[in-house]
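Before we start, here is the structure in question, set down as structure tokens.
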Amino acid sequence: MNPRLWKERATILILYGLTGCGCLVLAVILTTVIMKGAPALSGEFLFEESRNFGSEGGIFYQMIGTLILMAGAAIVCLPVALGSVLFQTEFLHSPPLKKMFRFLIYSLNAVPTIIFGLIGYLFFGVLLDAGVSWVTGVLILAVMILPTLHVSIHEAVESIPDHYREAGLALGLSPGQQMRAVILPQSMYGMVTGTLLGLARAAGETAAIMFTATAFSGVQLPQSWTEPVTTLQTHILVLAQEATNPKALTHAWGAGLVLLTLVFILISVTLWIRSGMEMEAER
Amino acid sequence: MTENVYAIQLENVRLSYSGKAVIDGASCAIRKNAVTAVVGPSGSGKSTLLRTLCRMNDRIPGFRAEGSVRVLGRDIHDPGINVYELRKRVGMVFQKPCVFPKSIYENVVFGLRFHASPNGENFSERAERALRDAFLWDEVKDRLDQPAHILSQGQQQRLAMARTLAVDPEILLMDEPTSALDSKSANAIEDLILSLKEHHTIVLVTHHVEQAERVAEDLICVDDQTVCHKPCQYP
Amino acid sequence: MPLTYPVKAVVIISLVLLAGAVFVTLRPGGGTQVFAEETTVIRVAGSTTVLPIVSRAAERFQARHALVKIIVNAGGSGVGIHGVGTRRFDIGLASREITLKEKHRYASSHLQITVIGRDAVACVVSSEVFHGGVRALSKQQIRDIYLGNITNWRQVGGPDRPIIVIDKEVHRGTRHVFMQYLFGKSNARAPGARLVTGSNNEEQAKIAQSDSAIGMLSIAWINDEVVGIGIRDGERVIQPTLDNVRTGRFPIARNLNLITAGEPQGAVKQFIDYLLSEDGQKRVAESGYIPIQLPHTVSWVAGSHSK
Amino acid sequence: MNKQPLFPERGPAFWLTGLAAAISAGTIGLLFVSLVVESVPVFKSEGVSFLWGTDWFAGEVYGALPMIYGSLMVTGLAVVMVLPFALGSAILTSEFLSGRVRLVVKAAMELLAGVPGILYGLMGIALLAVWVRDLFGLIDGNTLFTAGLLLAVMILPTVMTLAEDALRAVPGETRDTALSQGLTRMETVMQVVVPQALPGLAGAVFLGLGRAMGETIAVMLVIGGIDRIPQPWFDLFASGQNIPSKIGREAAEALGFDLQWSALIALGLVLFVMVMTLTTAGHFLLRKAR
């Protein structure tokens, strides 16, 4: 037959092969985590304190710790990100200044996470004297997820149709009123997706908090600003490195499965909201 | 004295984007409580001129307005002017009907919420009045809490007018308000314009000379960077 | 915009969740802690060698003292000493002695050592090497291996396989003790090394994974796959057994130390006393180390250890 | 006469958002300034040999070349390995799969892009290091190659989705024109779509590279951790060290004081400059593509 068609088919076949390999690798990862983590899961595992060097008990306070750091980072970061986006889009009219601001945020995105840990500890831990504490962790993670939130919100605000803005303006709304009435409601999607992605990023981060915000054992709920927490991420790291007992390694995989589930839920909701947005745009 | 007759007076106005003039040396005046139509070929700067009247072009980078633009007796580029108050008194309706993803009622009181005096005027009364003025009341009075998006394009445009009317502007600027509508809806809007001129000064940008002739008493022609009162050479 | 309402719901739910998490967290005495307001917190960090003892002991101690909360962290001996020196921790864990440099740096903290147990650092090899015939090595042989002069197990009577020399991070207590023994210098270099590991377990896992590795480990980490070999001294071979350590025959032994800034006081003293008690010493044995019979506190004396 | 002031309205909204903007800009500025200031001591003490020195021994000498070498090698390796798979699946997904399947693949990839690094690390020590050792008959599996492979797997979803976006951004008319000239679909893709999407594809790869270069935990657990350039230098099956892993291993010990701390921060600075160069190039190319 036509050699061109043969070539075509062969290339597509190769593409399928490459894609298949890629998918296979990722499938292996997922099944590994599930297969190795599932045996650890139980009510006791989810709701009890870790005991005897991580080989007994559960990961209750690790989950709480991860949630605290995530939620805290989002709560600290959201108003700052939102405010700076609005300042940038509504008040900053000079293009070079806008560009500079954008560049700053982008460059923050390029900072390797471990550097946030180093510098963050220097500032929040040493200068503000919070030491190794959950507050240090929250602040470090808040800075870390700032670009994620900023970019999402910025995109949402920029994509508000111009006629909405003009309708608001033509009614004589001041910038503050315009934000409340038009921009915030219309950029809700961006705020939600950005925050969720930021949460997912914070949940998965280990390097920045491992020596600044977390402790290995003995931690329950922090009762003061200067106490560390324990998180799923660092628990996995410690168990993988320190445990003397195979049961502890099972617990590490179990904690990994829980962490993965958490991250997947956050990203799925983001995707769901975003797909709703796309459908609407096609309407 | 002239201020009692004219709502808007332009004197030697130059409008430009990044130094490129769209309108240069324009002088004209617009009468109170009358309908003035602005006509001209596309791209001639009709919209730019109209938008300048409530300073909607402020946020466009590189835009510059020079000369004197007096609206309701004051130069709108005076540093002391409150641009938000200006826009409240000079309402604007756009070519494409724009309703917010809210209920019909919320759309009507959208601007009102921010401009109402603190002694708590009755929103629903003013909303009803605005909707009646916009000839929309009978069509929507039973479904005020439904999303505004279910309305037809023509109804949405009248809703946008009701929203503008609700804040009680003295001047209404309309930027081709019927061009996105079918002829039946367009007729309804034209009727509406005629009924509104009793209490409002209306400036209407339009493509259709016929429409201008139907509704307007005065005609302003924009072409080749200049502005002139009728008679107009524009076909 | 049909999705506005679900989106709003998502936003509200997530905000409520976030707020809830923070609220629960910040509520004084939230969760299971009933006497939260009077709780004393003891911060402990340092050597991964000492960590199992303290972690286990802390669990028991807290069960008895509801008002004391002990937060335990890893990091290595250097981190423990540094943390106490800068008053960031109440108790530092160290599987080595304090160096002169550290002593000078933290002079104002009056570092004080309490010995809670004894341990030995064994030279360990992968089980395949052990079963291949390497049962013991002389000090010179180990030294040559770490210097890169001996690179194949065949050269010391083992299988014909290259040696994977595993080193530790420079600040680890285990390394200090081991290098002190081998080269008389706690921060000696090991140019023959192929891998560098951190904690005891990381090293244990890497040796177990391999079939030709050599490393240094606290004897508590020795198992079937990671075998401690004897140290040959002339005709004599000294095995890394608890007995040999207890009697002082095994040459690479060390104290397991708790470091405090000044004399321990209050809850910290209570906890250290517990570690030295019979029950506490059981935790030492349980973790694979040698309990010390008599509780004694040794003040640090300048020059009594490595230079 | 109507010169607009820079900030026309200064209500509470202005001050509130201005404060937020100042906080963001200030934090970022402070971060960069301290990154530079804190690394000054080691440059003063070691001079340029900090960058070219091959010997690092805490407390004695700080030479960062092995770590810089490791970072470059590992990320380079990751990109070489990820390229065929990421681009292949991006082309397949954007050009040959039906709408629904495409959405599923994309969603799956975006989910996977969020898998925490620590899980890759766990898999790296438990599985990958052993597989690499057995597959290549090595004496040990903790090598630069293992780290590169792990990073390749990590960045595959990111690079793939971004590359797919770049391909989708090529307008449909281009494809129609090419097809109407009698080109097959594959020829259309290779001759027309890919060349046009090239800047976008390159941008995707650069962004993936940036992510790979900054990853700490996963690499730390499998790279071997030895601060040495292998002999010969291209021996990828030797152990090595990259910058984030070095910082991760020594940071807790050095926290906040001493030349060692300064050296680690300086390492961070070097890493940042490297990543920044890559991501800026990536963004530049992505923007050019649009």
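General remarks:
The first chain written gets the first letter, and so on, giving A, B, C and D; residue counts start at 1 in each chain.
Note that in this section a residue touches a chain if its C-beta (ideal position, glycine included) is under 8 Å from a C-beta of that chain, and two chains touch if they have at least 3 such contacts.
These figures come from a predicted structure and were not determined experimentally.
No other pair of chains shares as many C-beta contacts as A-D.
Relative to chain B, the chain whose mean Cα position lies farthest away is C.
Separating the CA-averaged centres of chain B and chain C is a span of 78 Å. Separation between the centroids of chain A and chain D, computed from CA atoms only, is 17 Å. Each chain gets one centre point, the mean of its Cα atoms, and the points for chain C and chain D are 34 Å apart.
Distance between chain B and chain D, defined via averaged C-alpha coordinates, is recorded as 52 Å.
Multi-chain contact residues of chain A (touching two or more other chains) are listed as 93, 174, 211. In chain D, 4, 125, 221, 252, 255-256 are the positions where the chain touches two or more neighbouring chains simultaneously. Annotation for chain B: residues touching 2 or more other chains are 101.
Interface residues of chain A, counted against chain B in their complex, comprise 93, 95, 163-164, 166-174, 177, 181-182, 185-186.
Here chain B touches chain A in the complex through residues 54, 56, 59, 61, 84-89, 91-94, 96, 98, 100-101, 110-111, 113-115, 160, 163-164, 167, 173, going by the rule given at the top.
Here chain D touches chain A in the complex through residues 4, 6-7, 9, 11-14, 16-21, 23-25, 27-32, 34-35, 38, 84-86, 88-89, 91-93, 96, 103, 107-108, 110-112, 114-123, 125-127, 153, 156-157, 160, 184-187, 190, 210, 213-217, 221, 243-244, 247-248, 251-252, 255-256, 264-265, 268, 271-272, 275-276, 278-280, 283, going by the rule given at the top. The part of chain A that touches chain C in the complex is made up of residues 51-53, 64, 67-68, 71-72, 74-75, 131-132, 188-189, 191-192, 195-196, 211, 214-224, 227-228, 238, 241-244, 269, 273, 276-277, 280. Within the complex formed with chain D, the residues of chain A that make contact are 4-5, 7-8, 11-12, 14-19, 21-23, 25-26, 29, 32-33, 36, 79-84, 86-88, 90-94, 101, 104-119, 121-123, 125-126, 143, 146, 150, 174-176, 179, 200-201, 203-207, 210-211, 233, 236-237, 240, 249, 252-253, 256, 259-260, 263-264, 266-268, 271, 275.
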